[in-house]
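In what comes next, chain A is part of two complexes: it sits with chain B in the first one and with chain C in the second one.
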Partner chain A sequence: MFTPFLHILVFPGFLFLVFAGLIAEYIDRKLYARLQNRVGPPFFQPLADFIKLTSKEDIVPEEANPRMFKAMPIFALTATVTAIFYIPLWSPKALYSFNGDLIVVMYLLTIPTLTYFLGGWYSTSLYSKIGAVRSLTQLFAYEVPLLMCILAPALLANTWSLSEMASFYENHSGYWLFNIIGFAVAIVALLGKLEKVPFDIPEAETEIVAGTFTEYSGRLFGIFRLSLDIEAIVGSSLIASVYLPFGFHLKPLAGFLLYMGKVLSIIAIMSLSRSIFARLRIDQMINFCWKYLSPLAFLQILICLIAKWGLYR
Partner chain B sequence: MRKVVIPIGPQHPALKEPESFSVTLSGERIMAFSARLGYNHRGIEKACEERTYIQDVYLVERICGICSHAHSTAFVQAVEEIAGLSVPERALYIRTIIAELERIHSHLLWLGVAGHEIGFDTLLMYTWRDREVVMDILAELTGNRVNYGINTIGGVRRNIDASEISDILKAMDILEERTKYYIQLAKEETTLIKRLSCVGILSHEDALSLGAVGPTARASGIPRDTRKDDPYAAYDKLEFKVITDDHCDVYGRTLVRLGELMESYKMIRQALKEMPTGPISVKAPRKIPAGEAFSRYEAPRGEDVHYVKADGTDRPERVKVRAPTLANLQTVAKMLEDRQLADLPIVIAAIDPCFSCTDRLISLREPKKPDKTLAWEDLRAYSIEWYRARGIDFTKVNRKISRRN
Partner chain C sequence: MRIKDKIVKWSRIKSPWMLHFNTGACNACDIEIVAALTPRYDMERFGVMLKGTPRHADILLCSGPVTGQIKDRLKRIYDQMPQPKFVIAVGSCACSGGVFNGCYNVESGIDSVIPVSAYIPGCPAAPTAIIDGVVKLLASLEQREE
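Then we have the complex of A and B:
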C-alpha cells in the first residue's frame, strides 16, 4: 500500500526526478559555458533559480483564460513524471510494465509539447501565440522520425514493452549495435522535443521574446522550467534504455551509476550540439526532419527487419 | 492563422536601443514592415550650438558608443577646415590608427551580435572575448575603452610611444589569427551559412537607388568607401583594398566585414611603420573665423557626415550630423519584403544599426498656422495632462517625493 506512493513521490518518482533534472540542467549549463569559454554557474544555480521563481508573484494576463493558463504547467509536469514509471532505468524491469507501454511513454512525452501550445495560445499574447504555433509545427516534424526510430528496436525485440525490450537486448548482447542510426536520429529528435538549439525556434529570444513562456512568471514558469528539465531526464532515460541496453545485471549501486552516466552523456551530447549550431528557421527545420531524419529512421526500420529475418531464419 | 501585427520594440530583447518596428505577419511571412524612430532624441545638434568648439569635440564623441572616434574626427576635420589649420602628419597617422582599431572593435562586436541574432551564442562569446584584446589596446593608447577623447582641434592629445607600438603589433598578430579562424568558420559552418545566405537580399541597383553606405553597399558590389573616394587623415598614404562582395545578402555583409578586419590589420601595421616623427598638434584659435565646412568619414557602419557653420565666435552657429544608419535604414524594408519573421532580427542587425546616433528632429514651421513650439513648463503641464487623461495620476507620487525632500 505504502510502497507505490514512495515510488511515485520519492524514488524514482517526483523527488528523484526533480534533483536529477536540476543536476542535468547544471551540467548542461556548465558544459555550455565552458565550451563558450565562460566560467558558468555554480552547482546550486538551477535550484536557486527555481526557489527564486517560486517565491515570485504569479501574474496571469487579464485577457488570458486563467484556468487553462494555470493548469498547463501542472499537466506538463505530471505527464513527464508519469512517463518515467514505464522506462527501465538500471534493472531490465521498469516499475510498471505491460505490452504496449512503449506507445504510452511516447504519448506521455508528447503531452508537454501540447501544453506549451495550449499555454501559449491561451495566454493570448502575440509572441506567445506565434511561439505556440511554432512548437506545434515543430511537433509534426520531429515526432514521426522519433516514433519510427524507437519502433525499430522494438521490431527487432519482437515486443512493445520497454521492459521486455531491455531484457531481450540484455540477453542478446551486441544486438543494440544494429540500432546506432536510430540512436543518432533519436538524439536529434529529442533536441527538437526539448526545444534546444538548433531547434529552439518556438522560444527564439531575438524574434518572439520567449515564445510560449513570454507571459509566464513566478511559480507557473518555475514549474514549466522544471518540467522541461525532467523531460530532458526522461527523454534521455528512454533513449538510454532503448539504444544503450547493457549493464542491467549490475549490482544496484553500480547499475544506478551506469544509468546516470548514460543519461548525463546524452545530456552532454545535447549541450555540445547546442554550442556548435545556429538556430534554424522553422521551414529549414521541417525540411531537415522530413528530408533527412525520416528517411534515416526508415533505414533503421529496414535494418532491423533485415536483421530479424537473418537472425530468426 | 489570420494576419497579425506584432510590435518589435520599443522594448524588445532583439533590440539594443529603443526603436519601434511594426511587422504585419501572415503565419510566419512578413507582409508589411514599418519602422519608427525618435525614441532616443537627445538634442545633440542644438546642444552643440550652445557650447564652445572644444566642448563640442567631447559632446559629438558621445553621439555613438561604438564609433565615437568617427564622430569626433568628422567634427574636428570640419572645424580645422574652416579655421585653415594644417594638422601635423603624425597626428593624422594617430587618428588613422585609432580609427582602424575602432573599426576592428566595431566589426568584432557586430559579428557577435549577428551570431546572437541567429541563435549562435558561441560565436558571440568567442568574438567578444577577442574584442577585449583590441579594447585593451585602445585603453592603453587613449586611457578609455569607448569614448577615447584623443582628438582635439588641430591634432591629437596623446602620442604613441615605442612600447605601445610593440603592444599593438602583438595584438594585431593575435587578432589576425583569430579572424582567419572566423573566416574559415563563416565559409564552412553549415547552419551559419543556411541562416545567412539568401537572407536580406539587396540587389546592386536597389543599393544604389536607396543610397546604401558602408558594408551594406559594399556587400552589394558597390565599391563605395570614403577612405578611397575622398581620403582624409592618412588614408591617401596607406595601401588597402576596398572589400566588396557579390552575394548581396547578409552572408555577403559578413564576409565584407571579415575581409575589412584583415585589411585593417594590414593598414595598422603599415601606419605604425611609416608614422613620421614630429609634433602631434598645432595650437587652435579659440574663436573660429566665419565659414562653413562639410566633412566625410568612413565609420565602421558607413559614411558619416558632419556639417559645421561658424560665425566668428567661439561657438558654432550650426552643426549637422548624419549618422550612417540613416542612409542604410531605407534598405531594411526592401530586404524584408516577403521574408520570414525569423529573418527579421538578423536583417535589421546586418546593417549594423545605431539608432540612437541617427535620431534627429526637424520641425517645419508653417507661417499661417500657430507655432506649436512648447516651453519646458508647458511641456511638463502637457505631459501631466496626457497621463491624467489615461488614468495615471502623478500628483500623489510628486507629493511624496517633495515631502521626502
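Then we have the complex of A and C:
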C-alpha cells in the first residue's frame, strides 16, 4: 500500500532525484571551475541556491498569463520525475515497465522543453519569447537523432521495453559495443536537450538576457532549475541504461555505485564539453544536427540491422 | 520557525547572485567588475553568479554617477528585482558622484536615486576591493536581525 508512495516520493523518486540532481550540478560546476583553473563553488552551493530561490519573492509579470506562468515549472518537474520510473537503474528491472515504455520515456523527456516554450511564451517578454521560439526550434534539431539512435539498440534487442533491453544486453555481454556511435550521438543530443553549451542557444545570456527564464523569479525559477538538474540525471540514466548496459547483476550497493559512476561520468563529459566549446548559432546547430548527427544515427540503425541479421541467421 | 529562518538566511548569504549595471561610469569600474569575475579572482567561490536579468539577481552592482538618462532605467531595474534585494555602489562616482559631481547632467551617486547597502570607493575600485565589499555586505547580513 505504502510502497508506491515511497517509490514516488523518496526512492528512486522525488527526494533521491533532487539530491542526485543537486550533486550533479555541483560536480558540473566544480569541474568546470577546475578546468578553468579556479577554485569553484563549495559543495553546498546548489542547495543554497535552491533554498534562496524558494525563499525569494515570486513576481508574475502583469502582462503574463498567471495560470500558465505558474503551472509550467510544476509540469516540467513532474514530467522529469515520472520518467525515472521506467528506466532500469541498477537492476535490469525498472520499477514499472511495459512494452513500449521507451517511447513513453522519450515523450516525458520532451515535455520539459515544451514547458520552457510555453512558460517563455506566456511571460510575454520579448527576450523570453525569442528564447522560447529558439528552444522549440532546437527541439526539432536534436529530437530526431536522439530518438533514432535510441531506437537502434532496441532494434538489436528486439524489444521496446527498456527493462527487457537491459536484460538482453546483460545476457549477451559485449553486444553494447555495437552501439558506440549511438552513444556519442546520444550524448551530443542530450546536450541539446538540456540546453547546455554548445547548445545553450535558448538561454544565451550574452544575447537574450536569460532566454525563456527571463521573467521567472523566486520559487518558480527554482523549480525550473531543479527540473533541469533532474532532467540531466534522468537523461544520463537513460543513456547509461541503453548504451552502458553492464553490471546489472551486481549486489544492490555495488550496482548502485556503478550506476552513479556511469551517470556522473556522463555528466563529467557534458561539463568537459561546456569548458571546451563556445555557443553555436541556431542555424549552425540545426545544420549540424541534420547534416551530421542524423546520418550518424541512421548509420547506427544500419549497423544494428546488419548485426541482427548476422547474429540471428 | 527559528530554524527555518536560520536556514533561509544561511542560503541568502551563501548564494548572492549579481546583476551588473552601468549607470554612466567611464567604463573603468566596469572593467574592474568583470575582472573580479574572471578565474584570477574567482567570485564563484563565494557563490556569486553573474546574472543577465534583474528577476534572478539579489545584488545590483552599480558603477557610475547616475546620469539623467539612466535615472529612470535604474529605478525600473531596481523595481524589477524580487525582494530581498541589495545595492552595491562600485567606485567613487557611484558613491558620491566623484569627478562628475556637480555636472549639469548627473545626479550625485546611486543613493540619490535608490537605497544603497554598501559603498566601495576607488577610482576605479580594484577587483580585490570589490570582492572585499561583497564579502563585508554578506557578513553584515549575518549580523543583522540577530
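Convention: the second predicted complex is superposed on the first by the 313 of 313 C-alpha atoms of A that agree within 3 Å, B and C clash if a C-alpha of one lies under 4 Å from a C-alpha of the other, contacts with A are read in each partner's own complex, and residues count from 1 in each chain.
In this text, contacts are C-beta pairs under 8 Å (C-beta built on N, C-alpha and C of every residue); 3 or more make two chains touch, one makes a residue touch a chain.
Every value quoted in this text rests on a predicted model; they were computed, and no experiment measured them.
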item: Partner chain(s) touched by A:Asp283 [first = chain B, second = chain C, both, neither]; value: first
item: Which of chain B and chain C A:Pro42 touches, first, second, both or neither; value: second
item: Touched partner set for A:Glu205, first chain B, second chain C, both or neither; value: both
item: Which of chain B and chain C A:Arg29 touches, first, second, both or neither; value: second
item: Touched partner set for A:Phe221, first chain B, second chain C, both or neither; value: second
item: Contacts of A:Asp58 with chain B and chain C, given as first, second, both or neither; value: second
item: Contacts of A:Leu177 with chain B and chain C, given as first, second, both or neither; value: neither
item: First, second, both or neither for A:Val133, with chain B first and chain C second; value: first
item: Residues of chain A at both interfaces, chain B in one complex, chain C in the other; value: 36-38, 127, 205-206, 209
item: Residue ranges of chain A touching chain B (in the complex, touch as defined); value: 35-38, 126-127, 129-130, 133-134, 197-198, 200-201, 204-209, 275-284
item: Touching residues (chain side chain B, partner chain A) in the complex; value: 1, 4, 6-7, 12-14, 25, 27-28, 115-123, 125-126, 129, 189, 191-192, 194-195, 340-345
item: Chain A partner contacts - residues on chain C that touch it in the complex; value: 7-8, 10-12, 14-15, 17, 39, 42, 44-45, 47, 51-53, 55-56, 58, 80, 82-84
item: Interface residues, chain A side, partner chain C - complex; value: 29, 33, 36-42, 44-45, 47-52, 55-59, 127, 205-206, 209-210, 213-218, 221
